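This report concerns only the one structure given below.
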């Protein structure tokens, strides 16, 4: 068969590992021809694609980013492409499409599938917020990077009291912050699912200092929100752009804590270091298995599904289930994390 | 309550993280007193134990090994201890016991539980061969170490053809070798579940060389077995002790391949580097959650159970289920790995 | 002999390795008694010290921070201590003092030495700004951490153009930023020794984008300064505290570039992750050798000197030479780095 | 100018970083054309070369191996090439040659230089055994890998006594073993420069056990030799090939110690993991600086020299000095390491 493959959405360690796996399984085992669509759905829209051979995927297991590129496409252009899905596929000469991407991509994949394009999707997000799968690749790598940072901060033992605020990725969900916070033993974990009381955080830190500890580490998700009206400073004072993604909350929280506690508070903003670089072994294996099963799904004609990890099994789940709801940190997981604060 | 905790069996990254979590949850939340039994069940037998406080577990998240020690105990001494379980517990003044260990420990835990000792167990094995849980802590770290080694070998690009044989842990199961082999992109993966044909391995390597590749990497589990009568050299030629655990198969395989192929073959024996050192973030979180739930199980009176990960949930499973059968690599997982050879 | 040892100044990976080495060499080889002064010179002032045995230093090779603590001491108290140096030493019962610290510590060490206290110093700074030694321990670790961050950023390949600004430590010198920038292949390297023209940086980035590159990475030292009057925004807009150490320049630079280029610019602020955690092998060896030679210097009576690395040799340098001038990045080194932009 | 570049000899992390640096400096700054000779001197002999552009070297900073390949060439063919050096250079159209390699390469480079070929050399060896430079790239990476392995072994804390033998690279010199042994805190360090007494090693281990330590780590260079007649077993018993490079001494030493001590002894053979993979930041910077200075040397006409690090300066040293003698571990360095055993 002639199988198109595309990657869509933001960076995620493991994307290239999926492409590699699709090529290995497709060409070596099924004798497929793999066509790489460039810049996500743009490649489908504009008929930009290139064959991807076994040699093309050498070394991709450890390479971050995506060799196929990825672009954001306006909704109306997607709608147009959906209306012309079968013709676009015919023009590219593909019998099926494997779409690798996040929630938006899965939603688009469903539209294309409903429009008669044979699509199998592979979920991708470092945020781990897709409900239908136990976990997504990229997440473990992000947690690994964040945990290493917290590890290093934990051994700073300067004699004067100090607070470290580590801002981690996660605009809508706190999975990275919760997991890295627990793995690193952060003393405070602030996530979007639970608006925080800045005074309560300050009191926790003071309590630690009273117990003779020299420092405290607060892990905060970029999307974590203070309870309304609890911050002392206007956002404007910090950043005239007001970017949440701009390391905003980490800097603001450090400012606030410094003001309340009268002790130094320093921010660490890991930013995109969490979504680049070499994937962890776990992410490489998950990505490789997803690619393998996506190819098998194509040959079984199981279109309109996406790959999901459940326990140790890879299952095929109807695309409809992908977009039911965002997987947020449930209260009981949050309760667990409090045990290690 | 007064809760005893012990670690038993071989090293496993994450043991200390469980102890830390038990102390945090038990003392901070329930006001328990945690008593650390020394050298596993020996501590129970000989009444050797010490209180473990919040300060005692500082820094344990990243520390390999176990601060409580671990010793092998002869079967008959275990039997004697089981017969005197309640008295021994009374003498130590513990209301419940949290036993952290591998298959043997879970088996012993069941005996003690049947004998009336309030026991909750936490499974531990880097081999990931316990069937009742999706995964055990320590496994991810072992895979991480093994994968890093394969990564480094993959970039050796000397002009003369060469075979690298990486021997990994796993006497009875191939989980570490399969997972690290897939994560690292090994060209051959040999595991105990599937006796290998040395000639077939050699032919695969020759095929790679024919395709112009400069080298091949074979990942082999220490317990992998060649098909009967397929090896050219007697074991005795290699090591008069005949230790399987002695890096035996890695060296032998390199010898054999060198002889068959007439090209250099070099072994890499990672040995205990796979079971020591800093646990990965994933292992720390799993170990921490297990400890948390073990304490909760004690307070719920859910004795005779052990903690297990299923999907994203920690569940309590009857000890009887722990020892039903060894979790080996199923043929379909093996089939997946062939896709990336 | 009875040798006192103290650590002074900010965190630096390798401090504990020096203490360990002093104890190993002193106790095992010379039969010395090592007395650890607490919180740097405060321990001398207040007579706070404890014996440090072979067992006390187990595991210190890989432990960040300092087990002896470190405190800032006001100048007048140092002056008072200098005036009473010999009495303080007598009260502690020490025959000699090994002082481990940065420029300030070496200056103080000289005062104490001139006042008749038998002192040998060990230089310490992650900034590598001490002129009399080729390098100081801690520096290699800071560069390692910073380089890993740049490595991860380099593989982010999102389709829309983006600038990453990585703020690194170095208030007065650019060694960490220059070295990590070269090691990581940063496209712009901004250091305190050379005020930067924000417009020139922006043009360089635009040139990269014109050549089809998807992103640019700017490594900037926390102490790097824009040429006067070249910034578009007031500092006050960013941070009412106006902390340079507050990740200030990284955020500001990202703001400015975003405004000039009209493309996303994101800051990464590594902060104290650069001065904590496990030292690199190189830093451990240098710290160990410094400790070894400091003890030998004491037994040779070579007081008033500090240990320095020159080529592969450890030499003893008069304390007077330590404080002649700050070692800044010379123009020819800067020229080299331009070659890799 | 048209500058040829070749890499010769075994793998060494940083080779690609030198090539990248030569291209960056040569093309971007001097407008040179860089011609990559394939498979070392074979490319010169057989006229196999290809242009290497700025795009060709993207990503090479972190890539192990060499994109130009490397081959061993028989002495007589080298002699023939030397006799025809100027003609071969003319046929390739190169004005100068930058040869990157080990001792053998520097020797060959001198012959070509004496024969009138404008050559500048860059020294390369993970063994760090070239006397004229403080250090060579590749060495720091090898030490990093070896030290991480020792770190992991050090936290194994099984209750029964055990010896770990870590075999490291170094057939003729012990720099890697000495440096990693000191950095990792190995309890025994055995190097080629100093034949070891197996009984003395055993006694040291027993002494450790007597002091209540659970384990001992012996770092041994592959080329370390026991004192004549001190081993209990014939080499033949271990490996009918008798490869020194075959992890021989590590396995043998473990066998011997197990037999003498009557306790488990396990080998770890890191093999080629030490010479592959991502270079450390230090090696990348050194390789980049060497490449930069090699290009400058070409444009200054400083032929017949090679780049060397002395202190923090890169100097040009006459090729004659490269091959005076092997840099072995001097007794005083050895004495230092004993302090930390």
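Labels for the chains are A, B, C and D, by order of writing; each one numbers its residues from 1.
Operating definition for what follows: a residue touches a chain if its C-beta (ideal position, glycine included) is under 8 Å from a C-beta of that chain, and two chains touch if they have at least 3 such contacts.
By chain, with names taken from UniProt: A, B, C, D = ATP-dependent 6-phosphofructokinase.
Bear in mind the structure is a predicted one, so any value in this text is a computation, not a measurement.
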Path length in steps (a step moves to a chain that is touched) from subunit A to subunit D: 2
Intersection of contact partners for subunit B and subunit D: none
Geometric centre distance via CA averages, subunit D-subunit C, whole Å: 29
Chain centre separation in whole Å, for subunit C relative to subunit B (CA means): 40
Centroid distance [mean C-alpha coordinates] between subunit C and subunit A, Å: 34
Multi-chain contact residues (two or more partners), subunit B: 151, 278
Pairs of chains, among all present, that meet the touch criterion: A-B, A-C, B-D, C-D
In the complex with subunit C, residue positions of subunit D that touch it: 20-21, 24-25, 28-29, 61-62, 134-135, 140, 143-144, 146-147, 151, 179-180, 182-185, 278, 280-282, 284-285, 288-289, 292, 310-312, 336, 339-340
Of subunit D, residues touching subunit B in the complex: 10-11, 39-40, 63-66, 69-72, 145, 148-149, 151-160, 164, 233, 237-241, 245-247, 250-251, 254-255, 258, 266-278
